[in-house]
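Consider the two complexes below, in which subunit A is the common component and subunit B and subunit C are the respective partners.
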Partner chain A sequence: MSFIHDPEFGNRIITLMAALVLVLQIATAGQRWLISTIRLFALQSFLLASIAGIIAYFNQASHLYVAALLTLILKAWLLPLLLERLVEKVGIRQEIEPLINVPLSILISGCLTLVGYVVAESFYHPEETSVRAALGHNTLAVAISLFLIGFFTMLNRRKAVTQVLGLLFLENGLFLAAISLTYGMPMVVELGIFFDVLVAVMVLGILVFRISETFDSMDVSKLRKLRG
Partner chain B sequence: MTEMLVKSGVQLVLLLLVAPLISGIVKTLKARLQTRRGPDVFQPYRDLFKLMRKGMVIPDTASWIFSVTPYIVFATATLVGLMIPMTATDAPLSLFGGVLAVVYLLALGRFFLALAGLDTGSSFGGLGSSREMTISAIAEPAMMLAIFTVALGANSTNLSEMAQAAVSQSWKFLEPSQMLAFAALFVVLIAETGRIPVDNQATHLELTMIHEAMILEYSGPYLALIELGAWIKQLVLMTLLVNTFFPFGLSSDWTVAGLGMGLVVYLGKLLGLACFIVMVETTNAKMRLFRVPELLAVAFILGALALISTFLF
Partner chain C sequence: MASLGALLEGIASLAVILDARETFIAIPSGLALVQYTFRLDPIACYFNLALAVVTLAISIYSFGYLDGFAPQKPLGVFCFFYALLLISLTVVFTAANALLFLIAWEMMAVAAYFLVSFDHEKTENRRAGLLFLVMSHVGTGALILAFLLLGTWAGGFDFATFHLARHSLTPLRQGTLFLLFFFGFGVKAGMVPVHIWLPAAHPAAPSNVSALMSAIVIKTGIYGIIRVSFDFLETPPLWAGLLVLFAGIASAILGVLYALIEPDLKRMLAYSTIENAGIILMALGATLVFQSYGRPMLAGVALIACLFHIFNHAVFKALLFLSAGAVVHATGTRNMERMGGLIRPMPLTALCFLIGAIAISGLPPLNGFVSEWLAYQALLGGFGSTPSLTRMVFPVAGSLLALTGALAAACFVRAFGIGFLALPRSSQATQAHEVHVSMLAGMGFLAALCAGLGLGANLLLPIFDPLTVALLGVQMSGNLTMAGGIALSSGSPRGGTVAPAALAGLLVLLSLLAGVLLATWWRRGRRVQGPTWDCGLPGLTEYNEYTATAFSKPLRMIFAVLYQPRREILAEFEVSAYYPTSVRFETEVDPAFETHLYSPLKDWIIARANWLRTMQTGSIHAYLAYIFVTLILLLLFGVRS
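And then the complex of A and B:
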């Protein structure tokens, strides 16, 4: 079983999983059901946790295992659970109309991926890096794409819950960029970001619930009207 | 020359035998998953023999296109079947054309099927034709992009050379470009064979049918030919998927032992893909017609990303 220790093999697996993450991200751009989007997010977080685990294994970076475990518990289990409860409580299950229609948003997501690749290309110098250090260099492009598509989701959707999800996708992109470039930030920073996101989602969850209570809708464009 | 004829003969027999079987397997598996008993896997053969012995009803308004279409559909599907590697890496008719020929021969069959749907003058036929053309207009570019990705990796659009290149690099399917292309081609397979998120083979409900609407006026031997053509087309697309992306067990020569081994592995791979298709079909609901372009847009973007990522990675 020599290939288990071969960085080349690890690189292939990581690249493959990064591509899967990207596919999931583009799938969310074409997804209308809130519950399905939340499940896609959970699946994507699970893949991210696996990528972190694999990078930790091949670089002997043991603190990344903690990050992987935290991602698994918080992002793949707890946050989706909270969001699903929220969607059930609010009772709005479908994004009726995004600002830009679905085929066009998918096309735009594709173009944003291209932008991600072009940007990431300038960071990569194959002659200066060893095989082990190049582990997961492809993931930077995917990370930037996740970031951009997350932004686009936040701009494109009207519902507050999908905007929260856009933020979460964006954060996934940040996490992927962090683990692929630096093999994990210091533990304190890592923990800080995780709890930041957790608290943000909880606060936003309460906010979303309030919005839907007050306005009978989650449509953020209605927030322009003042109400006592 | 005689060698090519023998190879073509062997592959032709394989095509004609396996195509209905795969269709039967998918139907049976689907029924079992929905806790029905369903027909057994050999039912498509019985259907074919029954249709062959029946008489035909041809509409008065139909022109020569109506009667020439079944032959064209069957002939193009079979010809394409001989151009792709099934159990051995070199396909019998690989000298006659590569992926472009495959895509456009299938398009020729579809073109005539759509014409025949219009030809009878029944409103359902025209409806089916227009829907089929709408879908294929997006599915075809997606398919081309996905196949070009593989062709780029092999430096050839010849399917036999593509299969040989794929056999020599067995870890190739782990590459993201290959995976994206696989996903794109899988969506195209679902759309082209009229399976559930796009079309439903099992129903004749006027609001939803696409392929069934075009062939509504056909009966008897003509219907048998069209059905067989559709099954062969399905087998061809499935073969394209399993043999270009998972080229394990393709024999490099046409010896009996190599072919036998190749056939066993090939049938195993087909069965795996069939199970996957059945799972997709049972866990999804049919899409509204106007949502279908969204699905195909995803396939198109996946194909485009696959092609682009071969340059970037």
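And then the complex of A and C:
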């Protein structure tokens, strides 16, 4: 069982999981059901927590375990729960129609992944052949793609809840970039970010509820009526 | 409190000027580029001295003046912004770091804005405050740009760095910087054509604030131009000096012409401020021209004229605004046509206004005369000692300065005559009363200063030595005094000489002589008293009086090209046109800069802004898309480079 301690093996597992994360992300771009999107988010967060745990294990970065645990509790369980309740309370289960249709959205997501790889390429220096650099190389590309696709989701959807989800996906991308490049930021920063996300979702949840009450819909396109 | 501080500051500034030593004060700051460094060099202290003197008088005046606002208005707010303005003015004059200077400059503008719109119940005053703020920011925009460029080229934001790096700048860069600085500071200095905030803001502000703004805030612009041309840049090229000179001529002539037809007392003073800023700029422009021709002695005369006029204008304009404030306080109107006969109820205010009016008209023996005389000497001296084409500029400039002086005299004869003499023109003027003693004390102090600065001018000249040494490297006081320090000379063999004190003595003698002659002639002659021929009307009333509009009528006709007056006469009659039942006369002067320059500009900006507005859809998706596209472009750009 020597491969259990081999960093190269850990590296491969991480790359594999990062690829899964990316697939999930692209899947959300084609998803119309709100509940399914939320579940996809929970699954993605679970994978992220696993990645954090694996990095912690193979690199002896023990404080990353805490980050992994927090991700698991907060993003894979608590936030999806809150969002599902919100969706039930508002009573809308399906995204009516995204601004750009599903096939095209998936195509654009693919292009954004390409952009992610192009950008990440510039951070990659082949002369640094350490394991660490190789790990950063692939996962950074995935992280940037996650970030961009999350942003694109915010852009593409009409419902306020999906916009919140887009923000969360975007945040997942940031988290992946942080752990893959630095093996975890200082604990205080991590805690701050988690708290930030939690509060953001709560505030946005209230906001979504108010929007749907005031405008009788969650369509943020109607917010343009607010312009003076 | 403010007056005590002013007194201390005045003494300190005077001490530093006489010491001719530079003092640096550095306070460490937490920010990277902002260093709280202050430099007390002669120039900074000279302006601070003017600030201190004027503030002392205004603060004393304010005790009585602010009582009029007391119950309805928040005086604490007023005092806060007044103190803030004074502090920021001090910092503007002493700052030795560009960013600190800009911070103080902005603080000054904001504090002045709140003071201008202190009487904010009137729409007119709010508009005036807004106009001031907008114009001020246009100028500050140019200044920020200029300082950033200079900071980048010089490699630092300290004034000392600018000074050391000035020789490494190419002429093109120097020219760009000079134009930007000149525009930016010119807005504050009230230079034509960016003067339009002055006639709006000065009348709107409470009178003590107008006095402070006209006397000192305007001078921050002049200070900036002086600082830039002598400290930050090399000897400016000829065109720069001529530009300043022409801007000065335009400001002086247009300022006084608009002042001449203005019936609003405080607005008239505001236009007169533009005129005086023009005179100061003329002297400064002459200094720069002489310097670029390598004539330090003439440059010295012009510079002293410029600096002395800065101080003098601060004193007499503050005096005039304070007296105008007293008049407005007593009558409740700013319109000259509704005053009249105020010399009887308020003789001391009238005396103060008269002294200020004589000083500002440049009549001997008061202080305005001395500085304008020096300006004439410098301009006329320029004719004989500069080459070919530019020499023609000087006699023209000199004669235009003379025209300005004459028109200014006419303008103040009109203001004093219509406002203080003859019969009261309204019930408010009849009920006027003399103002509070502290107001009189403030005005009296400035009036005494006008006389002192005029009569003792030759004794004060050594004060300018450290200034001219610092800026031009020449010592002037020895050349400018003659006959054991009694008379002033122009420092060149062909120039004139004058002794203000002797002139004053002569004036007293002449008036005594005239009095004696008159008295003897009267005693000999037979005195007959009878009714004046009053056109068949019973008794003279205020309706028979010469009005301010009528007084300026001849000049309005002469300069009709500039004014573009619009007249409308409506007469109603029943039997014959010779017996009208009622006549209605309306006259209006075309505000040329507003209609021909600012309105088109404003329309253009609004049209462009509407065009930009289509970008502001109010849709979240659009905003997100902007951010998203920008992000991707920046990422790709970052990867490429």
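Just so it is clear, the second predicted complex is superposed on the first by the 217 of 228 C-alpha atoms of A that agree within 3 Å, B and C clash if a C-alpha of one lies under 4 Å from a C-alpha of the other, contacts with A are read in each partner's own complex, and residues count from 1 in each chain.
We adopt the following convention: contacts are C-beta pairs under 8 Å (C-beta built on N, C-alpha and C of every residue); 3 or more make two chains touch, one makes a residue touch a chain.
This one's a predicted model, so the numbers in the text were calculated from it and none came from an experiment.
Placing subunit B and subunit C on a common subunit A by superposition gives a fit, with no clash between them. Once the two complexes are overlaid on the shared chain, A:Val23 sits against subunit B while remaining clear of subunit C. Of the two partner chains placed by superposition, only subunit C is touched by A:Val115; subunit B is not. By the touch criterion stated above, A:Leu148 is placed in contact with subunit C alone, subunit B being left untouched. Residue contacts after overlaying the shared chain place A:Ala76 against neither subunit B nor subunit C. Of the two partner chains placed by superposition, only subunit B is touched by A:Pro103; subunit C is not.
Of the two partner chains placed by superposition, A:Ile14 touches none, neither subunit B nor subunit C.
Seen from the Cα centre of subunit A, subunit B and subunit C lie 140° apart once the structures are superposed, a value rounded to the nearest 10. Figure legend note: subunit B and subunit C, brought together by superposition on chain A, show a least Cα distance of 16 Å. Comparing the two interfaces of subunit A, the one with subunit B and the one with subunit C have residues 121 in common.
If you check the complex, the residues on subunit C that touch subunit A are 616-621, 624-625, 627-628, 631-632, 635-636, 638-639.
Considering their complex, residues 12-13, 15-16, 18-20, 22-23, 26-27, 30, 102-103, 106-107, 109-110, 113-114, 117, 121, 138, 141 of subunit A touch subunit B. Residue ranges of subunit A in contact with subunit C, taken from their complex: 99, 115, 118-119, 121-122, 144, 148, 151-152, 154-155, 163, 220-221, 223-227.
Considering their complex, residues 171, 174-176, 179-180, 183, 293-295, 297-298, 301-302, 304-305, 308-309, 312-313 of subunit B touch subunit A.
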